[in-house]
Structure formats: structure tokens, C-alpha cells
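In what follows, a single structure is set out as C-alpha cells and then discussed.
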Amino acid sequence: MKVELVALTHFVDYEDNPLFGDGCVVVGGAEDVIEDAGRLCYGGESAGSQEEQARFIGARIAQGHESILEHASATFLIDGISRACMAQLTRHRLSSFSVRSQRYCDESDADYVVPPALIGCDDGDAELLFRATASHAIDVYRQLVDRGVRKEDARFILPEATATKMMMTCNFREWRHVIRLRCDKAAQWEIRAVAMEVLRQLHKVAPAVFADLWGMYGG
Amino acid sequence: MKVELVALTHFVDYEDNPLFGDGCVVVGGAEDVIEDAGRLCYGGESAGSQEEQARFIGARIAQGHESILEHASATFLIDGISRACMAQLTRHRLSSFSVRSQRYCDESDADYVVPPALIGCDDGDAELLFRATASHAIDVYRQLVDRGVRKEDARFILPEATATKMMMTCNFREWRHVIRLRCDKAAQWEIRAVAMEVLRQLHKVAPAVFADLWGMYGG
Amino acid sequence: MKVELVALTHFVDYEDNPLFGDGCVVVGGAEDVIEDAGRLCYGGESAGSQEEQARFIGARIAQGHESILEHASATFLIDGISRACMAQLTRHRLSSFSVRSQRYCDESDADYVVPPALIGCDDGDAELLFRATASHAIDVYRQLVDRGVRKEDARFILPEATATKMMMTCNFREWRHVIRLRCDKAAQWEIRAVAMEVLRQLHKVAPAVFADLWGMYGG
Amino acid sequence: MKVELVALTHFVDYEDNPLFGDGCVVVGGAEDVIEDAGRLCYGGESAGSQEEQARFIGARIAQGHESILEHASATFLIDGISRACMAQLTRHRLSSFSVRSQRYCDESDADYVVPPALIGCDDGDAELLFRATASHAIDVYRQLVDRGVRKEDARFILPEATATKMMMTCNFREWRHVIRLRCDKAAQWEIRAVAMEVLRQLHKVAPAVFADLWGMYGG
């Protein structure tokens, strides 16, 4: 499994200058946007210091004023998770998704995810049985496609373990919600591993916004 | 596959009467609510006749004023669709879903969906191969559960064809969106069959709201 | 201010019978839909008794499984609130709104809302000053419209106190969220009065869903 | 009125390096994220050239595959619009808002917006009447606050013309929707001016995504 931050909100200065290529320059990070949005509500202005900013953002979160976190978003590339895990992730309806399409892509060389609990379980028999069955299913997929069955129909035989790839974007308020639900011990191991890695990287780029959650689940 | 309307918005008269059981009586249908909401925007009142109501609602839709359709919702029980189709349906993020949980439910007796294109294809060989492989996968699921593997892990071996069951609720504006996308000939056969059946039943209970779509895809 | 439940989800039996008018008959209330949706997730069936249903729904809410509440919706007609209160209500983005349009409707006879704190305050002077100023503004609106100014422009002079009328629809999960935020003592008096009345009526028609909130804010 | 792009999604390379400050470096713009997301769905990879990227994104939009646009967001600071215009903007429910709070901020020195149609209309009398009435209302607000009335109540006397300030964030798909609705000639002049300025700046930083709309409304 690979979980990797690929896009992030930055504070920009828009330049109305025909000589200037993309029209704006990055002048700050996601937390600068969030602080400014929060100060605006109360008629104040940015304090200027990193410490004051972290304190201000922490206080808003503690107070439940989380709407200001919606001004920053982060996108993760999530690769090598099972379709079962993908189905859980895509239930988060305030998120945005782009998923490898099994209607258009050929899955003849698809990989699959083995649940860790199977590894070594029952003298290795369970794992062997699982691997043989999954490999056979992918082989049958290949045969069906070879016989002219459409990919969108052949995929019906693929196991839920089949590996997939997606991009997922949430604003910070929604990432906090996803993390709270999915880093919880009631979550399944796979989505939990995704959420833990998301938290680890987000905490690095926006420490004030994710400090409390990092304290709870990280480290 | 079974697609069945199980819940619907009704116009009610709230009675503040301790003798009166559930607090309200049904006095009209979903389209009465929609007409009233629409008239309110322009400072008007319900015309009283069914024909005037249908004409008013049709005119709002033609004009793009679809927000009034959000005041009515409908819930469908959708049973016997594949997990592949379920994954497509749950991508509609303005909808509400309750899905049979493969983490909690035992799928040892699960059924599976055979894509129609496989039936009879290649002298019946493709169908036989598909059925044998799907049955075997479900059998392996059973064996894994018997060996003490958790259901949430054993399900990784189940095929995407595995049948599932869900309730899906949308407001009428969102149902119109789902129908337009999923009754389209670019949609896959299974979700298209679901959408066609939803349209057929909704057109019966709210003819003015679904008349144009029924004209396009129904009949 | 008038807050009145005008539409509600009902459990229906769809009848595919050409002789049967609107295509479905009401066979139960909103909580029957919610129970069925919840049971479906765990592979169970409705218990049949009202007590069991209330216990089941209460347990799901206590556990945080609130998504099943999204299958039921309720619509309220809210009349005689200020535009200031309307602006607060329409910030609830998971809700649906139809609001009397000040671009299309003539507000020459508009009413206005006087904040209770003004009544009697400062020997009545504050109230008199407020009423005189509000009446004058509405009078100026009338003069502008008479001079040919478009209603959408003339309304710029109307006070935020100007009374308006709207329909607001939420599913039960979202109503619970709105109630928790707006029945809180930190909420402004006007939106709080709306939320309290919504809770009172919803608790009457769906006691199991709103029991805990009624215990907190009602009575 | 001031409308200014203040935050934007950038393509980043996450660096897991304790020596590296904010954890990621900007390696591309919003359209790079969108192209990658789109390619992922079909199992392809970025073409590398700007022209190919623009062609690819344009083709996805033309085809209706707009979900990939959700991976990029932009935030605008909108200052000096009327509360009437703010009420229209905040009706876009897929957007995120932070608005200057009239419950917490003192509006004694508030400015107000004069509809352009009033300027010069009726020998200037309409404008004079409007200005006198608006100024008087703000003066009464000040008097009420001086008498000890809470700001949240005093603001009931403020005109809808009262100037306000907000931050508004949308993903690119939603900005396209807002632009289509609000650059339309049916939109009111004020929100139309906001939308035109948003389009102008977004077209500068993401020309492939907004080319078609710029062709329709810009220039």
C-alpha cells in the first residue's frame, strides 16, 4: 500500500501581470489561509507569529468552530488497497474521488491484497487457499476477456481483494472526520492503515490543525 | 433483482392534540409539498387543481428551478444486485445509503449475479466457467470462516458478483440526476436496470416531476 | 413566528395496480423506515413491537450509527422570521430551502421582527427608535419601487429585521445536528426559538429518534 | 468591491525528511493534479506537455467527466459586497464560507452598497433618499449599541445594503457551476460582478479548466 500526499492548498498572492506565468505566487501554507479566514469572522487580523497562529487555530478547533478548516484541502494518492477498502473510503460523501475504472482498464495483471490475519494462520493453509483462489479468479477474468467478454462484465469474477488505485481529496475538516472514524480501533485494519498514514503526513504539513488527533492516534 | 419503493414524503397536517397518536395526518402527496414550496418563492398560493399543479411544476423544472424538488424524498429497497453495482450506486454522494454489512453478516449462503452477456456466450462455456469460479470462491469464504477467519477478512475472497441488498434514499432532484446518468445507454446494464425501475415507480407516484424523464427513457 | 411541520416521510407499500391512484399506500411512519434500514445492515428484520423499535433506534444513535436516520426527512414552514435569522438557517448546507424571493416579491407591506431585548428597554425609547427606523426604511422601499426602481434593488434599503417566509427540509440526522447547534444557549434567541419548536414537533412524530435531544432541551 | 484569489491547490512532492520544514515542496499547479486524477481513471499517465494536458482536460469536461475537477480548489476574499449579495452566495451549498460576524463585530462604521441603477436615477433624488436612509439606519445601530443593546440585536436595523466581507472556497467543479449560474444575464448585477471577477482570475491560473466559460462570459 502506498499513501502519498500529492496536492495541497497554498496561500497565494494573485498577480495581475501579463508577464507573470501562472498568475499567482505561493506566499504561505494552508494554515495561513485558515488563520486569515478565522480572524475575518471576528474582525481581526493575522498575528504574524507561528506560535500565535497555532494557538488561534487550536482554540477555534477546541471551540468547535471547524468551518474555517474547510478552506484548505489535501489530495492523497492511495495505491494498492483492496476494492473492499475502496468501497469503504468512497462512502465518505464530502470527499472527492478518482478511482481506476474496472469498466475501462484491463485487470489481467491485477494484484490482490491478503488480509494480514491470514498470513501464517492455520499452518499457512488459509493463506495458501486464499492465494490460490484469488489467483484462479484473476486467471478466469483473463480467460473471459480473451473470449470476448467485456471488461466491465468479466470483472464480476474478480475478488474484493483485487488491488486498486485512487486519488482522494478532502478539506481539512473532512479529513479530521475521516481520521477520527477510521483511526479508531473499531475500523478495519486496511482503512485504518490508510487513515494513519494520512494523519502522519497531514500532521507534518499542518501541525496546528492535526495536533490533537496526532496526540490521540499517532506517535 | 428487486427494486421497490418503500418510503415517500407526504404532505401532512400537524395536529397538536394529545389524543392524536403520531401527531400528524397525511393530507396530500409529495407533489403538493413541491408546489407549495415553489409558490412560496414567488409569493403565490396553490392553485388547487391537479392540472395547474402539474403545469406549475413542469414549468419550474423546464426553467431550471429544481431546488423545490428537494423537499420530497423517496427510499428504495434494492435487493439482489452485485457488489460491483453497489459500488457504483454509492458514488452518488447526495444520496443516503444503508447497505448489508459484509463485516457483520455471514455470506456463506451468498448468491451472485451473472452478467447477462455471459449467458449463452461461447456455447455456454463462459457462463459455466463463471458460475464454477464464483461458487468456488463462496465455498472458500465458508471454509475460511470455519477456520476462524473473521468475516471482514474472509470476504476478501468473494467475487464482485456477490449479491447484496441496500436501501437508498434521494430527494427528487437527486433522483432525477441519478436517472439521467444511469438510464443513459453509456451506463452499465445492471445499474441501468435499477434506474429504469426507480423511474417507473417514481413516475407513478409523482408524474409531474418525472414526466419528462419518463418520456425520454420509459415506456 | 410560525413553525409548522408540513411534510414527512412515510413507510409505503408500492402497488403496481393500474386501478390504484397514486401508486402507493401509507403503511407506517418514519421510524418504521429507519428501523428497517438499520436491521438490513446487520442482516436482521423488524422486531414488530414499538418498544423493540424504540430500543433498537436508540441503541444505534447511542453508538453513533446515525446514517440510518437519513432515510427520513421532515419539512417545516417557517413564517415571520427576520432575514437575519434566515441567513443563519440557510448556512446549514445539508438542508433544502425555498425562500420568499425579494427579487420577485413586492415587500411594500413587509412586516419586521423586533428583538425581544428591545421591548421595554431604556424606558421604551430604544423600541420606539427601532420601530420608527424600520417603518421608515420600508416606506422608502415603497417610494423607490414607485419611482421605478426594481424590487431587487429597492430591497437594499430594507432592514435585516424584515420578516420572511421559507420552507426548510432536512433528513432526521441533519435535523438532530441543527437542533444540537441551535437549541444551545450560545445560539441567538430567534433561531433558538425556531429550533425548539422544530424539536417539539419532531419529538411528537418520531419520539425514538428525538428522545435524547428532547430530554436535553425540551420539556 | 474587491474579489481576490488568496488560496489555491498546488501539486506537491511530499518529503519525508526531518530537515525539511513544511514537509512538501510545490512541483506543479492545480491542472497537473487534475490531469493526473483523470489519467488514473483510465490507467494512463501524464503526457508531459502543456498542450496535451489542456487537450485532455478539455476533453474530459466536454464529455461531462467533471469529477476530476474536484481535486483542485480556490479561495477568494470577497470584500465590500452587500449582505443581500452575501445571502445569495451562501446559498451555494457545496462551497465553504467564513463571513464577518454581525453577532461579534461592531458595525458602527459599516459601509453600504448603492445599487448602480439608483445612481443618477430620477434626477439623483432616488440615490439621495437611499443614502440618507441607509446612513440614518447605521446611525440608529450606533445609538442602540450605545444604549447597551447587544450587537446581535442592534444589527436588525441595518439595511441589506450593509457591506460585508467573506472568504469563499469551492473546488473547480463547483466554481464552474457558480460561474455558469451567476455570470448569466438573469443574475443580479452584484453577484454577477463577483462571478465575472472570479472567472477572470481562475482563467488566468487554470486556463484549460475555465477556457470554455471564459469564451462564453469573459473577454
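Each chain carries a letter (A, B, C and D) given by its place in the written order, and its residues are counted from 1.
The criterion applied here is as follows: a contact is a pair of C-beta atoms (placed from the backbone, for glycine too) under 8 Å apart; a residue touches a chain by one contact, two chains touch by 3 or more.
These numbers come from a predicted model, not from an experiment.
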**Message:** In terms of touching chains, how many steps apart are chain B and chain D, taking the shortest path?
**Reply:** 2
**Complete:** A student comparing A-B to B-C should find more C-beta pairs in contact for B-C
**Fill in**
The distance between the C-alpha centres of chain B and chain C, rounded to whole Å, is 26
**Multi-partner residues of chain A (each touching 2 or more other chains)** = 97
**Asked** Which of line, ring, star, complete or other matches the graph of chains that touch?
**Response** ring
**Prompt:** What are the touching chain pairs in this one?
**Reply:** A-B, A-D, B-C, C-D
**Request:** Spell out the part of chain D that touches chain C in their complex, as residue ranges.
**Result:** 82-84, 86-87, 90-91, 93-94, 97, 102-103, 112-115, 117-118, 121-122, 125-126, 129-130, 133-134, 136-137, 140, 143-144, 147-150, 152-153, 155-162, 188
**Message:** Can you tell me which positions in chain D touch chain A when the two form their complex?
**Reply:** 4-12, 14, 22-24, 26, 29-30, 33, 36-38, 40-43, 67-68, 70-73, 75, 77, 96-101, 104-106, 165-167, 169, 171, 201, 204-205
